[in-house]
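Structures given as structure tokens follow.
There are two complexes below, and they share chain A, which is joined by chain B in the first and by chain C in the second.
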Partner chain A sequence: MMTGGGLSAAGHVDIRHGHATWAPGAANPAGLAMFKTCQMQIGSMTKAQQRPLVQEFRLLATPVVVFLLVFLGFPAIVNLIYSVSEVSFETLRQPELSGFKNFAAVWSDGAFWQASWFSFRFGLLTAVLECALGLFLAIFLSPLIERRSWLMAILMLPLMVAPALVGLMYRLVLHEFVGPVPYYLWTYFGASLSFLGPGSAFWTLVVVETLQWTPFALLLFYMAYQAIPSEIAEASAMDGARSHHRLWYIELPLMLPTIVVALLIRFIDGFRVFDNVYVLTGSGPGGSTASLSIYIYEAFFKQGAIGKAVAASVILFVVSFAVLYGLNFIASRRKGANR
Partner chain B sequence: MTTLRWLVFGIAAFAMNFPILVTLSTSFKSARELSTNPGLWVQAPTLDNYLAVFQVTDRLNIFLYLFNSLSVALIGTVLAVALALPAAYAIARGRLGERTLLPFIVNLRAVPLIIFAIPLYMMFQWLALLDTRLGLGLILSIVNLPLALVILVNAIRDLPGELDEAALMDGASRTQILFRVIAPVCRPAIVTSLIFGFITAWNEFLFGLMLTTSKAVPITVGASFFFAASGGGVQWGVASAVMVVGALPPVLLGLIMYRQISGSMTAGAVKG
Partner chain C sequence: MTLATMKRGALLAAGIASLLASPALAEVTVLGWPGGPEEVALRAAADTYNAKSDVAEKDKVELLFFNRDGFWDKLQADLAAGSKAFDLNLLATYSIGRYAPFMEPVELSGEAKAVYGDSVLSTMQYEGKQYGVPTDLSLHFMYFRKDLIDTLMKDDAAKAKYAEISEKYLGKKLEPKAPDEWSWDDYAATALYFTQAVNPDSPTRYGTVLQLKNLLFNIMIWQSVPRAYGANWMDDSGKITVNSDAYRKGLEIYKLLYDNGATPRDSLSYEFAEANAAFASGQVAAMLQWNAAAGDLTSKEKSPAVAEVTDTVAPPAGPEGRFTHIHGLGFGLNKNAENKEGAAQFLKWLSSKEAALIYAKNNGAPALTPEVVAEVAEARPDLVKLGEFAGKYGYVMNGGTSAKALSVYELQAKEFTGYWSGQQSIDDALANTEKGMAELLK
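Right, the complex of A and B next:
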């Protein structure tokens, strides 16, 4: 979420940069592509020698597997059981099987589809805007940043602040009496806009999200841009290529894998958005800004509709993992084809 | 051209940091100035809001929120790295779970976290972990796990295999190699994942909102309490000061992290 997502952002960058960033099929930040393979360390040993080694490796991986089984596996099973049960806060320990009623309830709930549509549209729009802006800034500002890397620190600052706090900050920024934006708009343009009203709330949220996460795209693109070998620029200059030709025919194609990855990450984070939207608009006005995450949260905590909330989260669970594994599959196929 | 670039930089930096600037400026305004001057410029700066923030009341206790955030972020970060390091070694050197465990954990980073929030809530109710720092810290370690694992797997893969082989010849076990040889060499990667993890955990909101109510409330959730109007409406100056204080630790850490990033930038440029 975004969170989670937050600063994990820069982490990807770091990893990414351990490898040739611009090369097609290089390790990608979300790990959606396959990692480079490493040589077998134990290839030269005999089978008998290997066995205790494998056992020891198993032992080393055990804690994380057990931890995940307890804190994700068990809840996932609970989720599945409750999704096909009649359950309320009073009957948590005795769920009664009720078939697919909960799924039917979700499926026929207009609010569920509205939230899905919000999440999809929000993710897509913010991803495209952030990447377009980030790409422009990364290339246009690179001559400045190359010499003064602290400029990047200033641009990266929004990534360090919790999205929930940024959302709260915009409550102040957009407030009709104490907020500077309505104040300046009124003073200089005589305009008074409603930023969180029915027609505008969605767009306000898009701007809020875009302004906070454009630096993420900017950082990725800047480093991909910097990783393009200077020989390529020199060679193309020798061949008489103009700078915009070089950008269009050489540099952007080289950056394409990074661009795809950035679009994907930002879409995912936009799709599952919760924090800033929740603190800024709740789900209002009239449920128009409920993302899927907020829909599930409200079904559970505000309406006490456990069955519905759990069924919706099972749907989201299945769809997310299906899509992610699909992407992994495509990425590994493409990598195989490139070889 | 250079002037134009500076202009674009100025506009971008201003727009993207705008909410932070507004909050910073508002936190130095007196209650009287707030009602007359919504602009960015502070006419009579005062520290009253910060003094008010640190005044503990029954309803609002910023020290508790900060302490909670610190504890859950530490638990969530240290546990994540402690779990990820041995697993990363098994994945990178033993090639164990390269096609199962690794993609699964990495995909966790991209999954909407709300999926697990509801069953975890119910599980925590049974285990009496609701509204405890330990409970929230445990969950935050799941949030941090994907990134820590990817960083550490990549770091170990980049190490030469001779390192392990030499130690194996000397009769060391894999576990000994991990803690005596690999971990010390991977210290930069471990520190990086600790810092990223700390920032992520400190900034987390969804699980804090769902799994805590009073005793273990982290600052991201606690800050929103200051916006719940009590009697005279929201005290914007105080609320701003809370946000400044709550955002400060990750921002400061982020500036440290920034150096590491630029370090790896140059390293990447060499490799590229």
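Right, the complex of A and C next:
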């Protein structure tokens, strides 16, 4: 059975997914007749085999589909209903439809926009910082890690700590009377800095997040850097390229897809941040460090405004979907243009 | 198969069977407050109850604990979902209205009134019905360094400096007083005097430590200030009364202390633990804090720098009197309980004198009447003050047990911390709070 492409004496036969195409080389009627016969046989064989294959696919895909419907589909539908309903903890099973009042309430809520702006700034800044640092470390430490691979395990340690625990740890580290950082600042400089005050909390949170997640970017970039064939570096050296030329014109372009993916993953993670921020500063004085996730959590549990919280989550979902779809669309167009 | 192997197999099977069977014996499941003195006390009470010969096997008590983080939110979700995982659950004064739709009123023992008194029993009441047994009471003490205050009171030069500082920052010359006679102005003047940013000769870096994190529990601590000036959430007709001079005065006192460095700059992220750590360091002269901190702050092992020189009094007074916020933790009956009869029987016993004394002797903090607390006064002297302060100065704001009480505290925390941190004016903070409360409490 032919499952891929192949060559015949009569010309180029390419078989993909059960379809055979004939690309004539030299004119050869006997060969053509033989090929047609073969084509018919293959055609009839694949059609016969296709049916069970489709059935098998359906059978095997069923558990995944059921899982997705139950664990994603059901909550999504409930969310959509709650977002257009008047609902409280007492009426979870009997929500009353109320139109788009919840969406209007979210849209006109200053706290929602404040939280959205916080999430956007936080996500963008931490993604850029983590990727820049990760890229620098991946390239700078690459020769060292190649010789001593156990270094990578040590560099990955921050990833092993749960974000909530990181928040708790920094609550202690930065506390004026308990933490080592304020202690040394006071002892050597007589300074009592505010790390979590209104002017500094955002930057402290950015630093904490960056310190924890830079190793993730480092890991991705190191793997991408290692995957660049050494022949390319050797060829460029033969052509007289210096190391910064090699980095700028060869290595970084080859690593670009990984950089884009890392930026996207870190932006999404930073945008939806909850644990460490909530543990470290709560939603901050006047809600100044409330991310969108914290806004939704507090609206749901603290204010009991279930409809409003769910409406905010639906808005977040629609915007995220639109952005991801847009990125995907741009990426496929670029891919198409490059062909 | 040899006899020895068979014996080993039988023993193993019996062991497994007994392990599997033991949880099934306990039929009344109690969801408690985990990881603190309340857990220790509840365990002791449950052990005593289970050991009683007249308690049937099917009515024995099993305790269930999960994490404190997000406890009330998880409980809310469980109750709303009709959970049958527990028969009795923890209840707090500020959340009774929120959970009452999923719970049932309870009947207490005949001794309950004599053991707890009316004001303490009322912390577990909602719309005239008793929803729980008040096992632990929380209120506030003014913790202060008696060594520092004694020195200040004896030193004329220090008194002159104190008067100078109070005139500069509060607009009136004040004399140092004993903490039990403090007004809120005296507290503010003392806090400023013991602040190195204001008085470089101060023996402590800060005069006080305020808990200013955007957190509902911090508003409970602060609101005794405006209360002393006559503040309330709403009047008897239901009109919201937060946009008042009393609230303004309370907010301004904290703002004055924060802006002048009388409390650490990071106080805007401080809550219970951070404030305790600051006071225990010996760099703070006085602070308003929950009674639960007394054990740690007066323990030589846990707070060696301050344990022997720390004393407590009730919070300072204002023109309308002296007040401390009180709220109780207790246990109430889940509407979906599977063993309501057994659960009700345990609750009745829990409200008896016998149970209250066991609870008190094992680290619990019940607010007991003077007659009852006398029996444990030697072992638990802190409970004497607890009962006394609760009876004399305890208050609950109008609407403080309503279904939206927690949301009101959350709202106030957000708006008032916005003012203290300089992100909005006091007028905006009060107007936003008034508007939000009118919506929540309508």
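Assume the second predicted complex is superposed on the first by the 287 of 339 C-alpha atoms of A that agree within 3 Å, B and C clash if a C-alpha of one lies under 4 Å from a C-alpha of the other, contacts with A are read in each partner's own complex, and residues count from 1 in each chain.
Here is the rule we go by: a contact is a pair of C-beta atoms (placed from the backbone, for glycine too) under 8 Å apart; a residue touches a chain by one contact, two chains touch by 3 or more.
Everything quoted here is computed from the prediction, not taken from an experiment.
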Open item on the list: With both complexes superposed on chain A, which partner does A:163 reach: first (chain B), second (chain C), both or neither?
Closed with: first
TODO: Spot which of chain B and chain C makes contact with more residues of chain A, would you?
DONE: B
TODO: Using the touch definition from the top, say if A:283 reaches chain B (first), chain C (second), both or neither.
DONE: second
Open item on the list: Going by the contact rule set out at the top, does A:196 touch chain B (first), chain C (second), both, or neither?
Closed with: second
Open item on the list: With both complexes overlaid on chain A, does A:178 touch chain B (first), chain C (second), both or neither?
Closed with: both
- [ ] For A:298, select first, second, both or neither according to whether it touches chain B, chain C, the two together, or no partner.
- [x] second
Open item on the list: With both complexes superposed on chain A, which partner does A:236 reach: first (chain B), second (chain C), both or neither?
Closed with: neither
Task: Residues of chain A that lie at the interface with chain B and also at the interface with chain C - done: 92, 171, 175, 177-178, 301
- [ ] Would you pull the chain B residues touching chain A in the complex into a rising list?
- [x] 2, 5-6, 8-9, 12-13, 15-20, 22-23, 26, 34-35, 38-40, 82-84, 86-87, 89-98, 101-103, 105-123, 125, 138-139, 141-143, 145-147, 149-151, 153-155, 157-158, 161, 164-165, 173-175, 178, 192-193, 196, 199-200, 202-206, 209-210, 220-221, 223-224, 227, 236, 239-240, 243, 246-247, 250-251, 253-255, 257-258, 260-262, 264-265, 267-269, 271-272
Open item on the list: Going by the contact rule set out above, which residues of chain C touch chain A in the complex?
Closed with: 70, 73, 76-77, 79-81, 98, 101, 205, 212-216, 264-266, 268-269, 274, 277-278, 280-281, 283, 404, 406-407, 410-411, 414-415, 417-424
- [ ] Enumerate the contact residues on chain A facing chain B in the complex.
- [x] 1, 3-8, 10-15, 17-22, 27, 30-32, 35-36, 38-42, 53-54, 56-61, 63-65, 67-68, 71-72, 74-76, 78-79, 82, 92, 137, 140-141, 143-144, 149, 151-166, 168-173, 175, 177-180, 182-184, 211-212, 214-215, 219, 223, 226-229, 265, 268, 271-272, 274-275, 278-279, 292-293, 296-297, 300-301, 306, 309-310, 313, 316-317, 320-321, 324-325, 328
Task: chain A - residues contacting chain C, complex - done: 89-90, 92, 171, 174-178, 192-198, 201, 280-288, 298, 301-304
